[in-house]
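Pasting the structures in now, so scroll down.
One chain, subunit A, links the two complexes that follow: it is found with subunit B in the first and with subunit C in the second.
So, the complex of A and B:
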């Protein structure tokens, strides 16, 4: 999977491509670790290239959202493909993560 | 010429002003300590206040006071408002609760304390506030670097927000100034004081009524009399405290050995109203009557996946979808429901369509 970050933007721009599954969820989290531990407030994640996310991926999204919310920020996911959005829906994650 | 001689006071008052300059750091320390002690005690008691403010009387203000009535004081420590703390409450009943806290914290000089609320005659209205003159008892607090902290009195003013507003406006009209305010304006200000007193009482009465209602509702919810309880924010929160959807959630989660991430289900209040629930009894009937189909639908959705994390709205989300479909709701109604939950999105149409297809597959149809 690929994670591209434009850290200088406000909100921070992240774009994802490929699949997040058990084999690369740790790498996914590491790629976003500097946002989780940093001081950026708002994050926008472009999911247009994201083909699939496993539960591990959902946990990383949750962790990231908790981190930015604790700093008073917001996380938004955009351009999500239908099959990925379905995962967010059937798990209830679309109730807690803003998807536009 | 010393710097206090500029005020042109007599020798006695000038000496008191010089003493003030010497003890001013101690007064600042007393002010900070008393303020923090009162503020933290009020917070610990769970009382809501709009402000807690404090100040040490300025040199210029003290000079003005001494000029007017300096002969009344033998010593600087006879002046009881060199340090002042003011607590402003939302409700009039809370003024007495704050007073009880202050009584417990400090030694109150009752002879010099005054309850302005009781000083009015039956047919007069005006400044309403409770003023306690206090000292810090040595057994409560001592500061070896600043022993005077126990010697000086300080004033604690307690009043409501409305009383405070009135006092601030009254002060602004210049009651302390040399220019006499015409009787007509004073009369109007006092009329307002009477009106605000009524408003304060009414606010307290409303709060008491709401608290009584909440207690009654909580009692009805706890005893399971759900049909008697209208569905609103308070009652739904009480209902959720019984964890009514945990069993359904766990039965769904166990299929995939999934963990459940707890979230607030309060956003579903609007959805439940949308699907026709007016009382907690209506919600409870949905939970009992549609639980099996909600379980089947949720399991149908996650059963073929390796998902092992779910959000605690999973059961209620499925219950609402199933109920709406059984009520005859179609594409548009489901879209609207998802819009209430997640906001407007083109995807809501796809989601509604997919859920309707699943309902057909599972034989879930209009009653």
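So, the complex of A and C:
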């Protein structure tokens, strides 16, 4: 799993690659903690390279959404693979997180 | 596949890869492999997190593929825990009201065809099946 930070200031731009699972979810969260604890308003996450996420990864996406939303910002996930999108659909995350 | 992991602590990744590398699962289409990986991870994660103090016990994993039905059976001797007893999350809530976590077994319910839990002979036994078209 790779988290590439393209821009850490507003608007945040990040791209993800690989699998987020039980073996690396803590590392995934740590890599994105600067957004959860930061003050940036707009966050763009390119998910083209994200091959897989379990519920462990969903936790982190929800933390990000809550954090950004609470400070009046917007998060958007782009280029999500079909099967990853299905995980977001099944759990209702597609309704609370903007995916384009 | 019929394998015992003892102790289970630190074996999550190995268990998932062992299941994914069984001959029948290797032959399944990619979208089905994705679902199997996810459901196996969610169950293993549950057992690793809740069944034993400090992950000190074992987990047994058996798989079979007969008459077009793929089946996986998990067994541990930890604290009795029925993951199916938990109420499904309310997936219609807005983000600010959604709790963090609690989606793992819900995903299994949606992606597999059947889930069964029994506690017998001092063991938790959890079985999932998926019909393969």
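Here is the rule we use: the second predicted complex is superposed on the first by the 97 of 100 C-alpha atoms of A that agree within 3 Å, B and C clash if a C-alpha of one lies under 4 Å from a C-alpha of the other, contacts with A are read in each partner's own complex, and residues count from 1 in each chain.
Quick note on the criterion: a contact is a pair of C-beta atoms (placed from the backbone, for glycine too) under 8 Å apart; a residue touches a chain by one contact, two chains touch by 3 or more.
Please read all numbers here as calculations on a predicted model, not as lab measurements.
Applying the stated clash criterion after superposition on subunit A shows that subunit B and subunit C collide. Judged by the touch definition given at the top, the superposed model places A:83 against subunit C, while subunit B stays out of reach. Using the contact criterion defined above for the overlaid structures, shared-chain residue A:92 touches subunit B and also reaches subunit C. Contact with neither subunit B nor subunit C is seen for A:9 once the two complexes are overlaid on the shared chain.
In the superposition on chain A, A:48 makes contact with neither subunit B nor subunit C.
Of the two partner chains placed by the overlay, neither subunit B nor subunit C lies in contact with A:26.
Once chain A of one complex is fitted onto chain A of the other, the partner contacts of A:58 extend to both subunit B and subunit C.
After overlaying the two complexes on the shared chain, residue contacts for A:70 are found with subunit C alone; subunit B is out of touch.
Contacts of A:100 after superposition: subunit B is touched, whereas subunit C is not reached.
Only one of the stretches 74-82, 308-316, 326-334 or 344-352 belonging to subunit B overlaps subunit C in the superposed arrangement, and that stretch is 308-316. Residues 54-55, 58-59, 62, 82, 87, 90-92, 95-96 of subunit A touch subunit B in one complex and subunit C in the other.
Listing the residues of subunit A that touch subunit B in their complex gives 54-55, 58-59, 62, 80, 82, 85-87, 89-96, 98-100. By the touch rule above, subunit B contacts subunit A in their complex via residues 258, 261, 263, 267, 298, 301-302, 305-314, 317, 341-343, 345, 347, 350-351, 354. Residues of subunit A touching subunit C in their complex: 21-23, 52, 54-56, 58-59, 62-63, 65-66, 69-70, 82-83, 87, 90-92, 95-97. Interface of subunit C with subunit A (complex): residues 12-13, 16, 30-31, 34, 37-38, 41-42, 44-45, 48, 89, 91-96, 98, 100-101, 103-104, 106-107, 110-111.
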